[in-house]
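Should a chain be cited, it is by its letter among A, B, C, D and E, assigned in written order, with residues numbered from 1 in that chain.
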């Protein structure tokens, strides 16, 4: 599905060291518009670190990033966001004490000019927030409800809605479903599907092979800071993927009922 | 603050001292006594942290509450002259006590000045010490940030005819720290002739310091203001003299003067210097009995 | 999908009235009403509410307000500054040394001092950001360092810890009246003519009204409160302040320049402290090394009484201003009411405790915090 | 598998209100020794709240708890732990700044008498910690390594090892696998299986039907603070369970590939 | 399964030497060595290291140690107490009022004061626990309330704020020497005979050794440090203190009685403050209303220099004791070295900053914190 088109993000030989810890040791990944690229791997494989270099949170120790064909250097999440890379982090980027609409527009505040001064356009923010949340199936008490009063699933939805709303070209989701219930998960996966169909590139991190198989177009497996390769949808069975995710080693032997269910 | 007292006059005394400054207790006690004796209402006010800018606000507040008279210190002429002048101009009679000078008191329009100009007192003490053969000294300043008190050290240095220089130390208010800083200083400067302390807070630990390093009675030791331990030390010969500016009078006299002025229109023609009086080992009886309370 | 959606059977409804009432400033408003009621009952005849009395507690409250605005915005941004008090002393001394000792024109002394103090604020912020240390520690160090220099410099240069004569130096200066002047004199003359306020009875100002005008201190306080309030609630930057204090990491992730916000807030706090110091120096004409002692606590207390959260991300400038008003009125009011002044601290402590407990309760309702 | 034996914990008609929020509205559940009892349900269904009343963190607003047949009231997690109920919380009860061995023995410190004084027996604690962690397949650098330096999966394992070591009769696990990789998940499931075989009752909370089916003996589904009933293993298909977990409502319709995968 | 297992190819190994070196007290040790080296170089001939000089800075350091131990353990338990300084003033005044004004036997006055102050500590803790407010606010309120009463009571009862004559009252009391006495006099006489320490050359004590004995203050400091160190590192309760401060919620979950631990630590802090006050009162024979001002900061600074984490869960009593030693030596050393005394605050601030930066670095290595 990706051939013929130019990749929107190319990460080449990315390395990232934290002091004495080598978190990434040369990872190369390409992401194409309109695809859902799944990033899989063990705990501590370096998935979060990798997408954080993509979104400007970390600067890679070595390696290059091309965005829409041009070499790019993100000094700051702001730069990445401005370029069109929106990220929903594993540790949710929501501020519980602030209202939903302030959170929704955090970092992208709509402005209204009054003469020379530019003010935060609260009316616009509130209206858009209510609309967007309704589209996602969430009825807020009001736009000034504090995020702290929302459930985990609701917050996740706000975060995704926010990323999509601001016209991201690339949407990165770091384990968005790990703490979610069945319905909430279905909802998120459906959203991913919808977003992808709009031509947005989605990078999706998960530990759940089934979730990956459900929405993924391509699958990259990381292991201890290096990549074990990228597979196209249909070229790989869930079982093979599972094996790769476990780092190619034999799984701990489980008796009877347990085999193959995880 | 009702106006129910026998004759109805109400006087407010404003000091520059922080809450915990014990020297001002004598003032408060004398004030209360004078109020009782004259049948007038008296109030004591001070900035809790000793901030003179806050004191200016308190004078303004006192003026607003419409008393018959204000008795105040003039700890910083620049800061306080405005509010005091405003008080005078709005019909409140003012007497300056304790800090400031007679000239400054006249300039702000006060009726009179009762007190001991700090610099002059220090100067007198310095001259006395010079006569006793002192040539170098240590000034233990427990309120380094209060400029009024530091004047005493300056005066003393000038009285001796030496430069203040490093002779003044910032001792802090913790007794143990004062004691140990004095010890440290004397250790490092063993040829110091004299010690000047600026009140009971610094004098008491200094006495202990001298007792512990054996210089008690040996080194020339003078202090400002009185307290239990200072009197005892004068008796023991540890302290040469204590400068008594007689705080009792500084609070008592202005009340009496103001009351009589308001009742009968009589007013002394001069300022009253309540100090400096040098208290030495002779005649300590009454001083001893009332030290810290009325002396 | 939503537990909190309207009509959720698991949440009891809150009345509309109660909801309208519940704002961050509520604690401050309740406190202000309580305090005024109290003093109207117990000190009404003491002169507290005549023109001079009102001017008196207004001025004191305005002083607190100026530093409270800075402390409030910094606290909302998740940090705080214990060096405010020392900064006040330092700024005043700096103006005095530049203008009196070095003989610079006063406007230059003031502008240099502003530049200097704001840089120190920026340095505080920079250290906090770079080292990741708690601001408590960094600004505690600044508290000691600044106070040390405030005593050291004048003592070394001028051999005393108080420097006067600034009012003479400021004569005819164009900048000084912006801090030390007064406005609205004609209004007061007119009010005095109407007999609404008293006039001086004697002296060389006999016949003039007892109140000259509104000190610039109060103007600055009001201006800063309005400025702070608008920035905080109406601008993009205000949203960033809340975000930086609510969760700095989260804010960084979505592209809020948290470091810039925090450093700017440290600078703003320093600015407010310098305004305070400049007004004081221009009004009184002298700078002392002990100015501003404990003011950092007073600022923090006003802010906390006004409903802000010590840990950041929540609060309101209007609340902080009300906190400052409560503080000022209580402090001066106790004098008017003739209460033994050593009890002032006791009252302050008790009010602080009650205010925070009330505010915590209000905040829990608003934010659903647990 | 549970019939004939007496339940070790019986929770009867438990209600729990938080201010104006009714988190539990009369939930009845029995747990038998040696079974793995899965607790399933939507986000915010009240699962965590329920197990917290079981482990003494919350006091139920109404309802009764029987432990080994006797009515019990836990005022404090200490009481529950003393009775033999150990819990691994969703928000991990580990202190990052403390060493592994201090964490392991936190609340159960081994003591050594020296005359009248009783001291913390560090040698014992260190030895036991190293042994227990080795049994779980984790090689520590040393017992004084800080927990903050462990990966999420490792921490999870420490928490479970701790609970098992202190001879719990009931082991409660709140979403232990949600953030874990494939291997780590397999490991945890294997541990659950092992523990259950020792005759310990396990209460297992998860959003993943497959994990539940892999180890569960009985399944209780919570929905909005009430229970939708308890099913035996084999009496229910994964699909039925899935439906119940989603609250009995139709799932958000997903196109093609997505159906049935979540 | 483990990333951090030995032999992980992704982690560079740390040398064994470096590992042995890295302890929470390292910052304190480095600081102590640095400070002593400095003064040995620059003030060796000033008498700082003769018998009297050593006793001098030892006493000052011992004072800091007494309050630092309490503050340290409380800080590790995740709270802190700004009312320590006020508590010192309050406790001293309480002993004075009971023994001098009310004429109670001194031992009864001391024991009653201990009971009273420890109860106040417990109340602080209780309010913090029950309301969930930050201890900063609660103890700030206590700071004001206690100081207010410390001034108010003696002023109302005795009409002065310094009460003397406690030494006379303590004559022959069995408890007083435990706080105000000295031990080891014979040793010093013997040392003086050997010529190892100087004797007074002039004054009324000529011929006696310059040091009488070791003040009980130092004995208390050492005893408290040892006690605190053992409790913290060697007992079950110590583990609970770390747990309560590291993550109160997590600790509660596994059955640590967090509330009890925290309240007990508040009580212990109050106990230390009272020991400090009692030693001071017994040594100086008088109690003043301004005793202890700013001591809360000094305690916190000593603890933080000693490597404890302001946010709790990490630290060491030995470190805090070293912090107190550094503090005391620097303070007295500057006097010996003849540095302008107003610069002391500047040094203090600078040392504080450097110490915490060093400590943060060490802690990150130990705990893998990011």
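Worth pointing out:
The working rule: contacts are C-beta pairs under 8 Å (C-beta built on N, C-alpha and C of every residue); 3 or more make two chains touch, one makes a residue touch a chain.
The structure displayed is predicted, hence computed values, not measured ones.
For the pair subunit C and subunit D, chains touching both partners: A, E. Between subunit B and subunit D, the least number of touching-chain steps is 2.
Ranking all chains by how far their C-alpha centres lie from the centre of subunit A, first place goes to B. For the pair subunit A and subunit B, the distance between C-alpha centroids works out to 72 Å.
Separating the centre of subunit B from that of subunit E, both taken as means of CA atoms, is a distance of 34 Å. Subunit B and subunit C, compared by their mean Cα positions, are separated by 33 Å.
One finds 29 Å separating the Cα centroids of subunit A and subunit D. Residue positions of subunit C with contacts to 2 or more other chains are 3, 151, 342, 344-345. Multi-chain contact residues of subunit A (touching two or more other chains) are listed as 44, 137, 151, 153, 183-184, 187.
Multi-chain contact residues of subunit B, defined as those touching 2 or more other chains: 19, 144, 170.
Within the complex, the subunit A residues that touch subunit D are 41-45, 137, 151-153, 175, 178-187, 189-190, 193, 207-211, 213-215, 242, 245-247, 249, 251-255, 257-258, 261-262. Contact residues of subunit D toward subunit E in the complex are 55, 57, 76-78, 80-82, 87, 89, 91-98, 102, 105-109, 111, 118-120, 122, 137-141, 145-146, 148-151, 153-154, 162, 183-184, 187. Listed in rising order, the residues of subunit E touching subunit D in the complex are 1-6, 230, 233-236, 238-240, 242-243, 246-247, 249-257, 309, 313-314, 366-369.
Listing the residues of subunit C that touch subunit B in their complex gives 43, 45-48, 50, 52-53, 55-57, 59-60, 151, 159-162, 164-167, 198, 200-206, 210, 280, 283-286, 288-294, 332, 335-338, 341-342, 344-345. The part of subunit C that touches subunit E in the complex is made up of residues 127, 131-134, 136-138, 140-145, 147-149, 151-152, 155-156, 297, 300-301, 304, 310-311, 340, 342-350, 352-353, 356-357, 360.
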